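Consider the two complexes below, in which chain A is the common component and chain B and chain C are the respective partners.
And now, the complex of A and B:
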């Protein structure tokens, strides 16, 4: 008897420890996510340890990330386009320097590199130089460091271009990704809710037990299929279908993503709303029947309204599934980071961006932190959805 | 009402025996788990000590492009030489070069040459880097088989992928929109194409990014206005490879293994193995195997271009 009490006590302790530990883990992950994500806004669009330099007589004081990118893409070729003199812009990086000077001039252990940079900028006053602080950290005589403004949340949320690996300055505009995510998720739910609700009504009210026993496990199996398989199915079946139906130049579109995600959200929606439909008390149904309502009228006027909060919860949970889904979307939406203007156009979503880019982003760098900031946005979105679900489910108890 | 009562009764009957059952069961489970954990612990310490004694394990790290090739080579090499051990890890060329700098890998696979900055860092650390070319990788520019366009110049490719040319009629095709496919920015192929074809300019944001080479082939084969780039070996009969000119359209070269070998085909890159000269004794046998006839046969089988 005593022994069993000791076991009981220690088991209780163990269970308690596990509970605290998992809560602590969640907290730790969220803290880590936000620490990395928020520190992103203390950075400039240029990777730490690098800087841009111009001739000291150049009147231009500051360039935006967009201007720097256009200069290095050779879309801006004159300083006059960014408020400077009428001089052509020359770009200088370590590669160009190595071509312009001999190894002898650069020095045996490259100790003359700062001098060479100085010489180059001096002789070509239109030069925009991009170097590691290793070479220019102590400053250059004839040149001036060009300031870059920090990435502000305002720029982060309003810039419409996403070029995180563009050198020397990255463009981090999350707007196209955010809109892409919302567009795909919203329309996937638009497909999935009517279909899922119909299936749930059939399973809960109309199907006989035998059919139900076959259908239910099959629908639940749908949730068990790995998302890569959905993605592949989408790429091979749904993408060509969308392309042919709408006679588009390209089939990898937001629509294809919405359809695949809609199919993936179906099991959640069906299971949750079926459970909600089944909670309708028997006396309510019987009362409706007794008043002369047909089976369909009972479903329409009694059962579905009674289960409305559960059905709403199902839809919102489905959106949550769609928001966070990565692999399937990565394969069927084309992943072009452009501002979405229609459903029949490629989009890039936030989860797909994180999955595709985190592998090569240098640990702790600008790109890395930008992806964490994206993770924060995604976290806040799903958190909001979960809170809404809680509110929706709570409501009938109060009523 | 009576139905509900019955249910409640049912439950009250079952709770007691059930609880005991669960408790007993859990106790057994926990014991088993503890034992398993202990067993695992033992095993992992054994593993560690095993790898310590076996000092001849060659670690290879870097480019994902070379990953499948290195894996096959390592398998065949280990089959042919008893007692040899090679471990291969991917992660990208940059990752491999950093690992070689830190001394955490013996060989670094890289699908590009060292950048000036990287050479300097090796020199600072006084590491004498040796480079071996184990094969070549050529990129085919592919279009849908229904496309009439058969050849493009580098300049035209640059304009297509940076978004300046958007219609096939501008390069001698039908009046149809161009749909350009690229790999994701984490891919070495993405960087290679950007540097050697796009003149280091950024891709247009309208370019579609695919997570895998297979996905590009699949998409190009089912999209009429599509254009994409893939490794030579991936260009199947479901897509059409274009002839490329790097001299403003004077000569167009067909992407073939021969062309990549004698360097007449321009969009080709060497596949490097970098290693520290100090560890040459350790890695030489493996590298020699890759450069041997048997090793080069595997290079061709995987779809790369052998060096001989």
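And now, the complex of A and C:
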């Protein structure tokens, strides 16, 4: 008796601990995502182990990632453009140093490199030097280390360029990715919702039971097909189709992504809206019919309005699925991180960016953390959608 | 009673047009979706053979089979279910049998729903941060299984909860009346009668887990590993990742297309079998359980 009570008590403890596991997991996910994601904003957009150097008399204190990239792309050629003196900017990297000095001057084991850099910067005061810390060590006497501005959240969300691996300074603007994600999801839902609603109305109200019993499991089955299979199908069928129809150089476009995502979202939208339509009480339908309304008028004026919140939830749920979908989108949208201007253009979404780039990002580095910051954005978007759906549906608890 | 003729006729015509539209759209959707499956089946059926299923990939994955990927997927399914099934069932028991109605229960259910709604790529990021790096498992079957297990957890919690809910309260009361303790009642009365429905949920979770790609990208999947893993800290190949690799970034995409079709078909067959098994189980025990 006593023994079984001990077992009962300890099982209760175990069961309770497991009960909290999903809450604990969500908490851990938040912790790990945001720890890496937020620390992104404390890093300077220059690769770790590298630094920029200028002449001691140069009044410029700080440069942003965009300015550094433009300087090394030769789009900015004068210090006056970034608030400095009226001097042309000269770029100095290891390659240029090796050209300017002989091997003898650089030293047998390159021990004189710091002196050479000093000499170069001294003789050409407009120089911006970019070197690995391996060469410049603790510092240069004649030059000053130039600070780079952190990528602030404001820059992160407003910069329109995503070049996470460009040297010397990466540009990480989330805007093209965010807009790409929203564009693809929005258009997928635009055609999936009307189609899904029509099918849900058919299944809930029009189809007889025999047809319904065949169609319903098929739709449920299609919800289980892995996204990578849909992506593969999109790649071999939809992409060539889009390319030929619109006579495009490449078929991997936002449109192809929207079509594939729409197809994938259909089963969810159909199932959830059908459930919503079925909650309409029988007496409401009968009252409408008794007043002389046809079946269609009843559907249009009574059943669909009654189920409106459930149908909205279905659409929002569909958007949530589309926002987070990774593999299918990665395979059919072409993945170029540019500001989307049309549906017939390659785009890149946030999940696809994470999937494509995390494998190559050095662990713990700037790029790695930037991808976690993207993960945070995606997490917050889907969390908001889940909470909205909870609110909209307000499932009555059945005892 | 007199019905104005014109209005009635118009009503009927509108109705039949709208019904026809809804019907053809519904059939259209199902036909398109089936065409996708048939298309892949038609292209892939010629590829699948005994040697395709039991040989290693050869010639830069342009010929040979997919054996290591099949084994990898099986290992990941087993691993993830070992992690998710016991915890998920216990969590479902807590929600339905122990937790009292109130804010705590609402909170747990909300969190379970949120967990189910998190995109799979986030699970991939999380699995990489926690299992691969923080806990030092490296990219391994262990890390991949745990990541996939977390993904399957809400599915199993929710099916367990629904299954337990469908067990009549009279069963519990009868057991208590005979002097059984709460845990004894759950173990001997409630769980056995809910088991078939729980099993259905587990099978559907297996179908889902075997097709997931994003969570395993950084936690376990190997691009090409023509041998079988030797320990749970080894990487392995997996079917969905293999399909992704050979259809987008293989050494020769055109030459490996037939293999891609074959792999896609194998994946579809796994999902199909899982669904059939679940349906069979459901109708065998004559009970319905909601799973989504």
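By definition in this document, the second predicted complex is superposed on the first by the 309 of 399 C-alpha atoms of A that agree within 3 Å, B and C clash if a C-alpha of one lies under 4 Å from a C-alpha of the other, contacts with A are read in each partner's own complex, and residues count from 1 in each chain.
What we mean here is this: contacts are C-beta pairs under 8 Å (C-beta built on N, C-alpha and C of every residue); 3 or more make two chains touch, one makes a residue touch a chain.
Everything quoted here is computed from the prediction, not taken from an experiment.
By the touch criterion stated above, A:266 is placed in contact with chain C alone, chain B being left untouched. Of the two partners, chain B and chain C, it is C that touches more residues of chain A. In the overlay built on the shared chain, the residue A:331 is in contact with chain B and with chain C.
When both complexes are overlaid on chain A, the residue A:250 reaches chain B alone and has no touch with chain C.
Of the two partner chains placed by the overlay, neither chain B nor chain C lies in contact with A:54. Touch criterion met: A:95 reaches chain B, while chain C stays clear of it. In the superposed model, A:206 lies in contact with chain C only, and not with chain B. In the superposition on chain A, A:18 makes contact with chain C only, while chain B stays out of contact range. Of the two partner chains, chain C is the only one touched by A:215; chain B is not. In the superposition on chain A, A:198 makes contact with chain C only, not with chain B. Comparing the two interfaces of chain A, the one with chain B and the one with chain C have residues 7, 11, 235-236, 330-331, 359 in common. Residue ranges of chain A in contact with chain C, taken from their complex: 4-5, 7-8, 11-12, 14-16, 18-23, 25-26, 28-29, 32-33, 36, 195-196, 198-199, 201-203, 206-207, 215, 217-222, 224-233, 235-237, 263, 266, 270-271, 292, 294-297, 299-300, 320, 323-327, 330-331, 351, 354-355, 358-359, 363, 371-372, 375, 378-379, 382-383, 385-387, 389-390, 397-398. Partner chain A is touched in their complex by these residues of chain C: 3, 11-12, 14-15, 18-19, 21-23, 25-26, 29-30, 32-34, 36-37, 39-40, 86-88, 90-91, 93-95, 97-99, 101, 107-108, 110-115, 117-126, 128-130, 133-134, 150, 153-154, 157, 165, 181-184, 204, 207-208, 210-214, 217-218, 240-241, 243-244, 247-248, 257, 260, 264, 267-268, 271-272, 274-275, 279, 292. Across the complex, chain A meets chain B through its residues 7, 11, 69, 72-74, 94-95, 98, 109-110, 132, 161-166, 176, 235-236, 239-240, 243, 249-252, 330-331, 334-338, 346, 348, 356-357, 359-362.
Here chain B touches chain A in the complex through residues 26-27, 91-92, 94, 115-117, 120, 123-124, 162, 176-177, 179, 184-187, 199-202, 205-211, 215, 218-219, 222-226, going by the rule given at the top.
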